[in-house]
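Note that chain A is present in both complexes that follow, paired respectively with chain B and with chain C.
Now for the complex of A and B:
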């Protein structure tokens, strides 16, 4: 009698335990792949959105459900730029990385900042911070991030031509130079003192700038310049002093601070007119489409996240 | 009251840097963190801010309102000091930004209209320090704040630090010049072989 009673108790406990295990919500482990590259966002109109994409191992997760996300920011050691999440686009396309399939997720974001003038933020080592409504958060490395809002653009000059030269380097497509036509809209001489690529990983090789009317896509930078060109050898302390009376067309060779893929970028032209410094912002431009980063694991960062 | 608590916190890169650290930082206290180069001092600060994730263990924070002076920062390339600080003031949601920048420029004796790309090492350090005084943070982290400062500037910075201490702010300082801070700190911490040791000042 006593043994039967104990058996029953044990059986009930066992059933209870099994039910408890089944009912308990087991957190899913999600793997996230971030592409660390040069992200830059030039906003000339406030309506423009910034898009950042990454890869997740599970289709249905907090990362792909807008209702589960509380806030989004891009941050580094001292900066913290909040964004409004406009949309999440989950792609049906899958990619195979490190023996696993991943889905592509794209966040469409708008900066949440009240600014009346121009605004610049540059982060060399930036993180995408996603805070979820369940109080958990993910902080994911994205590479560099720069944000330029130019609401007041100078009218003293205008751009008459923009064309990127894309060459292959280490089997990857690279933007190696840009042809720019600059027109002086004033009746005084304009002196260009700096051309800043609006990406933190790129510099302009001032001493290699040449006057150039056009080039044929497919030409190499060596053919255009007439000598060997090192994409990574950064020159220091070279001043630019380029006078524009009417219109010029120049070929601007680019240098890479880091071995990274940049396919979209704007430029900021710093110039002097009547000894006063002005800036002209050239909106970001997609020079070529690229998925090259997917074949190079060194640009990818793998994270795991407990999705509860 | 605890403001940050580290429970069994470990951090490894290729090699272990911090091993099973259990420690609580308390509100209103000033801490000086010492240790040899590469001992994990900056790593510990970055774990507290959340820029790094512990390999194991958890970090509880009472606040996310944390100000940080890194030991190095790449400044935006074409901005003036004023614009840089103004933009930071905007993202920090500060009030009276213009007034605060002018006040900091006066304290640290620097022309805010100078271009960031033209600054010397000492001037860059001044700008790094100025940004942390723009906002009222709960927790202040300083990584080698005296880098590049001359004697007069060091004294000015220490005076500003004393003001924070009077306001009962929590301060954690990493420095190779501990003697400068001995009058200020409540607790001296040392990281040695991945462990954190405490001694009362």
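Now for the complex of A and C:
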């Protein structure tokens, strides 16, 4: 009688265990690949969005379902910038990285920030922090992040040409300089005193700025300047004094504070008119697109996430 | 006579649908292609040059495709389409915002002669495999990728000016001729060409209206 009783208990326990195992959702391990680069976002209109893309090994997961995401932020050790997730774009085609196939996911984000004046936030070592509704979260390295909010722009200047010079450096395409056409819309002389690249990793080499009407993509910066150019040697205490009566086209060589890939960037032009200082903000412009960074594992960070 | 007119009209109707938009390159998305070294697009080849290619495929096969390549992943630069152009015909500056979304779905542009059916597009994958065996891995790695890029850009257009946003870039051109054999008989043949975009460059310029 006692043996039968124990047998029944064991049988019920076994059935219960089997049912529990069947009902319980087995967590699915997802591999995530982040492309670390110099991300920057210039917001001159409040409805502009910031896009960040990464790769996931499974098409259907918490990362690709907007309803499963509670909040998104870009953070470092000190700063925290919260975003509203506007959209998720999942690519149908797969990408082969380090012996595995991945899907490309793009998050379209809008900063949740209430400020009335101009605002700057720069993070040299930034992370994309995603909190899911199931209380799990992912903290993924993205490289650096620079955010600039400019809410007024003067009409004294306008842009007539914008083109980036891309050279290959360490087997990767790099934006090494930018050709900008600047038009003076006033009948007085404008003096440009500073050109600030809107990415924390980039500086403008003022002493190497030259007048240049155009260049052919494929030319090297050495061919354009006529001498060897070091991408990482930062110059100090060089002042810019560029007079614009009507229109000028200048080639501005860029310097990198650290070795990083940047393909999109804006500029802030500081100028004097009637001894008064003004600013013109050039929105972030996509200068080039290349997938060659996917070949170089140096820029990729691999993560795993238990999707449940 | 009436019947003849109807036939003529019908002919014109169907003929008009078979006319393809003329492009200098044979590919709608490229207005100009320049090879870095030697290379020729199909559109620039003479009939005899193409016929020369078929001569290499004259040994019959029991079953399947045979390909001859004029160019294999030949490096070139291209001038692409105008992505965006906007005029300001008013007397006041206007500020516009454009949003550009590129899923790189046009990363590969394919064209083939009419004698090859639309199904031949699937055979391009077979050609890829064959080609990848012929060339080193570095080229293989940069093709057939899809990523998504979206960008917003705000710009002010001055009165009586036009702003143009244009794409140029680097690409790899592969072209050739193919024959399909069944029981040593040629069932289908034709020329084809595909172009892989490697890098896209974007430029913005202002011009007079």
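Everything below uses one rule, namely that the second predicted complex is superposed on the first by the 284 of 308 C-alpha atoms of A that agree within 3 Å, B and C clash if a C-alpha of one lies under 4 Å from a C-alpha of the other, contacts with A are read in each partner's own complex, and residues count from 1 in each chain.
One rule holds for everything that comes next: a residue touches a chain if its C-beta (ideal position, glycine included) is under 8 Å from a C-beta of that chain, and two chains touch if they have at least 3 such contacts.
Computed from a prediction, not measured in an experiment: that's the story for all the values here.
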**Message:** Once both complexes are superposed via chain A, do chain B and chain C end up clashing or fitting?
**Reply:** fit
**Request:** Count the residues of chain A touched by chain B and by chain C, then name the partner with the higher count.
**Result:** C
**Message:** Quick check for you: in the superposed arrangement, does A:113 touch first (chain B), second (chain C), both or neither?
**Reply:** first
**Request:** Considering only touches as defined above, state whether A:215 meets chain B (first), chain C (second), both or neither.
**Result:** neither
**Request:** Applying the touch criterion given at the start, work out whether A:158 contacts chain B, chain C, both or neither, answering first, second, both or neither.
**Result:** second
**Prompt:** Just chain B (first), just chain C (second), both, or neither: which does A:196 touch?
**Reply:** first
**Message:** Looking at A:287, would you say it contacts chain B, chain C, both, or neither? Reply first, second, both or neither.
**Reply:** second
**Request:** Applying the touch criterion given at the start, work out whether A:278 contacts chain B, chain C, both or neither, answering first, second, both or neither.
**Result:** neither
**Request:** Using the superposition on chain A described above, determine whether A:169 touches chain B (first), chain C (second), both, or neither.
**Result:** neither
**Item:** chain A-centred angle between chain C and chain B, computed on Cα centres after superposition, in steps of 10 °
**Value:** 170
**Request:** Give me, in Å and rounded to a whole number, the least C-alpha distance separating chain B from chain C in the superposition.
**Result:** 21
**Request:** Over in the complex, which chain A residues touch chain B? Could you list them?
**Result:** 76-82, 113-115, 119-122, 124, 127, 139, 194, 196, 200, 268, 270, 279
**Prompt:** In the complex of these two chains, what residues of chain B are touching chain A?
**Reply:** 46, 49-51, 53, 68, 70, 73-79, 83, 87-88, 90-92, 131
**Interfacial residue positions of chain C with respect to chain A in the complex** = 77, 93, 97, 100-104, 138, 141-142, 145-156, 158, 168-170, 198-206
**Request:** Within their complex, state which residues of chain A touch chain C.
**Result:** 44-45, 47-49, 51, 53, 89, 91-95, 104, 106, 108, 153, 155, 158-164, 166, 173, 181, 183, 185, 217-218, 264, 283-292, 294-295
